[in-house]
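Both complexes below contain chain A, partnered by chain B and then by chain C.
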Partner chain A sequence: MSDEEFPLLSELKKGPWPSFVKEIEKTAEHKPEMKDLLKQLERSYEDKITYWKHGGIVSVKGYGGGVIGRYSFLAKECPGVAEFHTMRVNQPAGYFYTTEALRKICDIWEEYGSGLTNMHGSTGDIILLGTTTHNLQPCFNELAKAGFDLGGSGSALRTPNACVGPARCEFACIDTLELCYDLTMSYQDELHRPMWPYKFKFKISGCPNDCVASKARADFSIIGTWKDSIKIDQEEVKKYAEQGVDIKARVVNNCPTKCMEWDEEKKELRIDDSNCVRCMHCINVLPKALRPGDERGAIILMGGKAPILEGPVMSWVVVPFIKVEPPFEEIKELAENVFEFWDENGKFRERLSELIERVGMMRFLEAVGIEPDPRQIKEPRTNPFYFWKEEDLKPRTDPWEIWRKAEKEM
Partner chain B sequence: MASEPVEEEYISDIGPPYFKDMLPPVIKNNYGKWKYHEVLKPGVLVHVAENGEKIYSVRVGQPRLLSIYTIREICDIADKYCDGYLRFTTRNNIEFLLTDESKIDPLIEEIEKLGFPVGGTWDAPSGKYGLSNIVHTQGWIHCHTPAIDASGPVKAIMDALFDHFKDMDLPGLCRISLACCLNMCGAVHASDISLVGVHRTPPIVDDDVVRRTCEIPSTVASCPTGAIRPDMKKKTVIVNEERCMYCGNCYTMCPGMPLFDPENGGVAILVGGKLSDARSPARLSKVVVPWLPNNPPRWSEVVDVIKRILEAWAAEAKPHERIAEWIDRIGWEKFFERTGIEFRVQVIDDFKLPRLTFRTTTQFKW
Partner chain C sequence: MSEFDEETKQKVLEKLATKPWSTRDLAKVLQMKKKDVDKICKELIAEGRAAYWSSGSTTYVTTKEKLEEMEEKRR
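Up next is the complex of A and B:
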């Protein structure tokens, strides 16, 4: 492509960071119609506005989601991208690939699409960016033959996602990848056929470092943790100290509950585990010396979401500890109780957090069968405005009766 | 009776490939049995298993928007050095997975020749942190609701902060994320620095498009401030412009009311979010710059503010301290002073529960 033709975009070919413009150019070298994408994008850069139309319902046989319809306002000027639909392809958990699998996707997308991808979309899917309505079904059929399926879109379960987990991380307290795969397979119908009030997300992180940003966006966040004591290898602690790690300044002083002590003389690190909140800082800094304990499981937090509609929400603790072992029955039972409650009570486009805020945690906890626990809150409420049920109370007395009786007696 | 043609079986609902079929043998052998990891140099990790086996990961930055032709070149490299195994990270990096340490440097040479930088790692024991890649959205390349582009500003910012990706020269983790509108297809609202495309003018209703394409009750219900009312006679909607906060949720519901306004749309900058619970609790990002112009192709005003925030933090943060924790220590008033960012009235909350953000203590600094 000549830089004179696309002067604004060509500015983004400069500089050390790899250029997305060069990636589009590369597809255009093989697929001339992709020059129209550069043309449309250059026009957006000139006019500071998108030229993609709103929506368009397209899909593949038997599915209600996984394909995002996209049409251009510049269809005449840029016919090569007049129809430019996205296919969301469910990634393998942990984003692990063999080159054989990746090449298969490349070959299919070369034949049926633009040749442009996102590795990956924010939710986790492989995003195949740009194809025609005509090509959707054959592309899907080929992907399915190669062992790939679509991800979620619309008011459905969105593609579950997980951190790298036990595949390559010593901090993983749960098998994030196996759980991610299991949930994805268990809820295929909910994933492909939107039938809920709005979207629903599962994100699974192996430890409180939350590398998959679960708390920020998942309606149902699963975060690995442990209940017993941190495992210490004092020899390795000593080695870190000898290498120049200032254990007191860098580890002990950063402990949020001050539950650690550094014995400078003995070169020994002591932890009062009864006061540990398992924040991960000391383990992050001394990975050779400290490890999560053995009594492992997960914390289930719920309600995370972006600002639309009522403002951003961080997931909050609903289940402080749950065992996470195949076949994950306990987690799935809880998830299904939540689906049911939300499906029955949620309004159109209401995320789980907004529903819970509307009906109250009291009703929610009861409906999904979770006991109240101080770990669910930062602090108790500051107002005394709450509900009681009949069974909490003694039989009702009528004050008027009391007063009238008293008046009569006078 | 003529025999009917045999239809090929329709494959659906098969789910993703099983991840274990994608794992290199050393990972399969040591799944859940990793003992520790070390950072050998920027961009290169080694994970050591309980049995002493090792896997090396070479982390590589990429623009997220990748052509299949580049993916094939990446595959060629993975075939040559990694027995055909690689992965991607939650922050859009590629990780080449190797077992032969001697192949690391030749791999790095080859991938950098292709134009992809090695880096994005941090070494917590030594307190040296590199900047990871930016999580971001589609923007003008494919989205119908963006207030700004996504890949363009990301490229401009990463060009400016490139050395921080390559070298581990920052005091703590710094996650930068960008969403091109408030729908936020990405977890940008809990990042150390987040950029969000915002509109500043109300939707312009085209009655004809509304009649043809919108469901009026759900459009009315979509407004968080109750600014939209139905006009039953004309079968359209009316926007009370004084109540509109330009969130764009109505446009997501109804194609007949776009908010686009090239000279007024722009970028809001939020800081101080974090998701890890390490040291201090996870928290949401807070708006510090309500608006900057949407200025392609290199968004110089945005890049300048990001650099100022990053440099002010890096200059005085203690080891491991993230932007949120640095602000905890110095106070918001000092944050604005140190970064030179003008404190504008829009930064004071007036949405749903503003009182939660008002200062109810007499403790502050001059």
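Up next is the complex of A and C:
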């Protein structure tokens, strides 16, 4: 490809960083139809408009999702990309592959698709970019033979996703990988046969650092936490201080609830754990000295979403603490209550957060069988809601009566 | 074995032939339970008589014929 032919795209090849334009060019060397992809892209940059048509075909036999249909408006000029569907392939928990498995996926995609991939998409899936309607089924058959399955799309459970958790991260308070795998396998029907009002996402983080950003985009966020005290190794704290870490400035002063104290003389760190909100800041700064406590589980938040136009909505604490141990019955029972209530009451294209907003948290909690709790805060630094029912109130004594009584006694 | 008779399935199929439907709306129009409509649609899809269709982010159900007709128009 000459840079004169695609002057705008050639701008995206400059600089020391990787360039998707260069990668498409390389692919075009053995897949000439990929030149049409560059042609359509250049036109898009010129005209400042997308030339992709969305939707249409969704999948392979028996499945209602996993394929994102794309057709070109410029099919005549760019026949190589007239159909350019994306396949979402369910990633293994933690993104661990053998070289053999990776090679297999790539070989299949060289044969049935464009050869372009995105490892991994923001959904967590392996994204295989660009194939024809005709190739969908044979490609899926080969993937299935190699042990892979499609992920979710459309009005379905989307591929559950988790942070790498205990596989590689010392902060993990729960087995994110096991839980993610379990939910994926438990809800295969919900994942592959979309019948819900709209999409639904589970995302699981091992600790409040929330590396999968579940709070900002999952309808059902599961985040590892602990109940007891942060574990302190005072010797290690001292070492940090000796190595020049300004404990007061960097740790104590940045604690959001100001529940830490630094004894400069004794070189001792104290934490009032009853006021700690498990923000992870101090642990992140002093990982050798501080550790999450031993009584571990998860906090469940609901109603997060990240729509493109309105911006993200944070999920809302629903279960302040829950045990996370196989077979995860408690979590699944709750999830199924939520599915049921949402499927029954959600309007077309209404996510869980909008439903909760519309019917109110009180009705929602009642429906899914959870007691209101003052820790069910919606966002940091706000008071929790509280609600009451008429019949819960004690009859109020008329103040005049009290005053009259007091007068008499005087 | 289907828990629904062919007549009920036909009723659903006739509606599906008109356009892609969300099963929610279809249940309202047919005055049936959404859960039943969901099940019937899944059966019809498994039998190859109905098919999923997507707007990109939202999934609908229609007949196999309607889907083919719409795919043809997309090309």
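The definition used in the following text is that the second predicted complex is superposed on the first by the 370 of 410 C-alpha atoms of A that agree within 3 Å, B and C clash if a C-alpha of one lies under 4 Å from a C-alpha of the other, contacts with A are read in each partner's own complex, and residues count from 1 in each chain.
Here is the rule we use: a residue touches a chain if its C-beta (ideal position, glycine included) is under 8 Å from a C-beta of that chain, and two chains touch if they have at least 3 such contacts.
These numbers were taken from a predicted model, which means no experiment stands behind them.
S.K.: Determine, for the superposed arrangement built on chain A, whether chain B and chain C clash or fit.
M.R.: fit
S.K.: Could you look at A:Thr133 and tell me whether it touches chain B, chain C, both or neither (first, second, both, neither)?
M.R.: second
S.K.: One more residue to check, A:Phe348. First (chain B), second (chain C), both or neither?
M.R.: both
S.K.: One more residue to check, A:Ser153. First (chain B), second (chain C), both or neither?
M.R.: The answer is second: A:Ser153 touches chain C but not chain B.
S.K.: More residues of chain A are touched by which chain, chain B or chain C?
M.R.: Counted on chain A, the partner with more touching residues turns out to be B.
S.K.: I'd like to know which partner A:Arg296 touches here: chain B for first, chain C for second, both or neither.
M.R.: neither
S.K.: In the superposed arrangement, does A:Lys35 touch chain B (first), chain C (second), both or neither?
M.R.: Neither partner.
S.K.: Please indicate which partner A:Lys53 is in contact with in the superposed arrangement: first for chain B, second for chain C, both, or neither.
M.R.: So A:Lys53 meets both chain B and chain C here.
S.K.: Between chain B (first) and chain C (second), which, if any, makes contact with A:Gly62: first, second, both or neither?
M.R.: both
S.K.: Would you give the minimum C-alpha distance from chain B to chain C, in Å, for the three-chain superposition?
M.R.: Minimum C-alpha separation, chain B to chain C: 6 Å.
S.K.: Would you tell me the residues on chain A in contact with chain B in one complex that are also in contact with chain C in the other?
M.R.: 53-55, 62-63, 347-349
S.K.: Please give the residue numbers of chain A that touch chain C in the complex, ascending.
M.R.: 53-59, 62-65, 68-69, 71, 75, 82-83, 133, 153-156, 193-195, 197-199, 343-344, 347-349
S.K.: Going by the contact rule set out above, which residues of chain C touch chain A in the complex?
M.R.: The touching residues are 22-25, 34, 38, 41-42, 45-46, 52-59, 67, 70-71, 74-75.
S.K.: For chain B, which residues are in contact with chain A within the complex?
M.R.: 10-19, 21-23, 27, 31-32, 34-38, 47, 55, 57, 61-72, 74-75, 78-79, 84-90, 92, 94, 97, 115-117, 124-127, 135, 137-146, 149, 151-152, 155-156, 158-159, 162, 165, 179, 182-190, 213, 218, 221-222, 224, 247, 249, 251-253, 255, 258, 260, 262-263, 265, 273, 275-280, 282-284, 294, 296-298, 319-320, 351-353
S.K.: Which positions of chain A touch chain B when the two form their complex?
M.R.: Within the complex, chain A contacts chain B at residues 8-9, 11-12, 14-24, 26-27, 29-30, 37, 41, 44-45, 47-55, 61-63, 70, 84, 86, 90-103, 105-106, 109-110, 115-123, 129-130, 141, 144-145, 147-149, 161, 163-164, 166-170, 172, 175, 177, 180-181, 184-185, 188-189, 192, 208-217, 240, 243, 245, 249-250, 254-256, 277, 279-281, 284-288, 306-312, 314, 347-349.
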